[in-house]
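You will see subunit A twice below: alongside subunit B first, and alongside subunit C after that.
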Partner chain A sequence: MANTFELIASSTVGSGGASSIDFTSIPSTYTDLCLKVSTRHATGSPYLAVAFNGSSASFTYRYLEGSGAAASSGNGSANWSVAINPSSATASIFSNGEIYIPNYAGSTNKSFSADGVTENNGTTAYADLFASLWSNTAAINQITLSAVGGGNFVQYSTAYLYGVKNA
Partner chain B sequence: MAAGATYTPIATTTLASAQSQVDFTSISASYTDLVLVMNTKGSTTNYPFLQLNGATGTSYSTTTITGSGTTATSVRQSNTVNPYISSDAANTTGFEFNAILHFQNYSNTTTYKTVLVRANSASTGTGATVLMYRSTSAIDTITFKLNTGTYSIGSTFTLYGIVAA
Partner chain C sequence: MPNPTRIEINCETGVESIIELTDAEVAEMTYAAELAAEKKAEENAKAEADATAKAALLVKLGITADEAKLLLA
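Then we have the complex of A and B:
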């Protein structure tokens, strides 16, 4: 059988940073999408925000987070996802994460998972697991990544979008 | 190509009718690892568990880290016949359950087998599980069962093979 894990598109943030990373015109020819990100925030200590088809509405989530000192769990009705390495982190350290979206082109609500880690030479860093749901039956043809609360991703932040086919 | 020509769909199932279990049989031993992606809905809120090679004895154990949305905990099953792939993450009636399972070195005949699971349900929880199957046999059959009820129509299961070379 043919290879079925294919790069659809990638993005690298240039000098000056960027407030969002967008993937548009995503074809519906795959079964699942897998998004791999390496990011750092320019000013704050935020979480990743994920929007589909230009919409940040109708998202819910539950998460499990470890800080190095404690584990916690929370939930919400927003498009929050995994933690991003903050501007206060040791220089040059980027967070990374993976978002997996099964059946992104189907006609049911879209459930997806996200795993992410930050790192720091200080005392606190985060490991996150997210379960998320976009209660919308439209096929996903656009993904926008930004930071909760705004601000920029720094230069050299990257995102790679892969398509996975089941046949 | 991101992964080279090494990520191959072996079998996929989209349920045309409600089923209490889903089977992948006669799995070729020609891959290095297996990855299974499931996106499902339940007839009622229920919990998936695995059966490998049809083994129904106390051949399994699991360790899970899990978040319910309010509480973070860890759960252990030892010598169990029903190794659940999640704890808080439930297969609900809302078509929100998804899980990715990694079966490393599944076809070797010298070691016990471990499975890494990430399971998610936005209304009940999220977590990660390591599942051990105490058998040195190559895995050639994977069965998804439920503690109660069925997988609903439209639920999808896809098994991929990954080749090291």
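Then we have the complex of A and C:
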């Protein structure tokens, strides 16, 4: 049977911005989840923060990042993910990224991956790859996206949550 | 000034709600921001210390970074 993507829900940030986008009551009927995000931060230069089931604890990650001038890599214990277009980036340009969560409804720890790029009409823009783990065996039924360090996503930032069947 | 808002989408019903953060949530967000800034500063300091140690070791060995790469290849 062919793999299928189905849009579960989506959101576009309205005027005034929003500090987080929270998908709740996610059905457990899919194999995997895929989030597509297009975001820009109102004030700072942060990274995306991902929380599952309301928890931002027990997350670890390894990452690779290129800025156009340098490459870096590292690891950490936090719910950080790909970079968000900062307020200093060229006006009206948004970053984009994808977070893929396989076996989200299973009873093992949840590994997931993320890739993303910031966009900028300038010399510096970031490309990120994250391999992450949520050391929790609960089925994921809620995903919250926010910015590391707080602050708002600007108007027209979007998040689309897809369910993947038969992956 | 009103508190920032968050968006909540119930995937079962499709209902989207825009909810003003409570004072406690704003305080939690501020605390998280401070922790994130601290963590970032720690990471930057470690990266700087590692680079300094690496440069000092190269000087001690009397070789360049390219020569060190060659040795490890």
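Remarks
Just so we're on the same page, the second predicted complex is superposed on the first by the 163 of 167 C-alpha atoms of A that agree within 3 Å, B and C clash if a C-alpha of one lies under 4 Å from a C-alpha of the other, contacts with A are read in each partner's own complex, and residues count from 1 in each chain.
As a working rule, a contact is a pair of C-beta atoms (placed from the backbone, for glycine too) under 8 Å apart; a residue touches a chain by one contact, two chains touch by 3 or more.
None of these values were measured; they are calculated from a predicted model.
Contacts of A:Phe130 after superposition: subunit B is touched, whereas subunit C is not reached. Once the two complexes are overlaid on the shared chain, A:Gly74 sits against subunit B and subunit C alike.
In the superposition on chain A, contact is made by A:Gly149 with subunit C only, not with subunit B. Of the two partner chains placed by the overlay, only subunit C lies in contact with A:Val13; subunit B stays clear of it. When the two complexes are overlaid on their common chain A, residue A:Tyr63 makes contact with subunit B while staying clear of subunit C. Shared contact residues of subunit A with subunit B and subunit C: 72, 74.
Those residues of subunit A that touch subunit C in the complex are listed here as 8-11, 13-14, 16-27, 46, 56, 72, 74, 76, 78, 146, 148-152, 161. The touching residues of subunit B, when paired with subunit A in their complex, are 1-9, 12, 37-39, 41, 65-72, 88-89, 94-98, 100, 118, 120-128, 154, 156, 158, 160. Listing the residues of subunit C that touch subunit A in their complex gives 4-14, 16, 18, 21, 29-30, 32-33, 36-37, 39, 43, 47. Of all residues in subunit A, those touching subunit B in their complex are 1-7, 31-32, 60-66, 71-75, 100, 102-103, 108-109, 111-113, 115, 129-133, 160, 162, 164-167.
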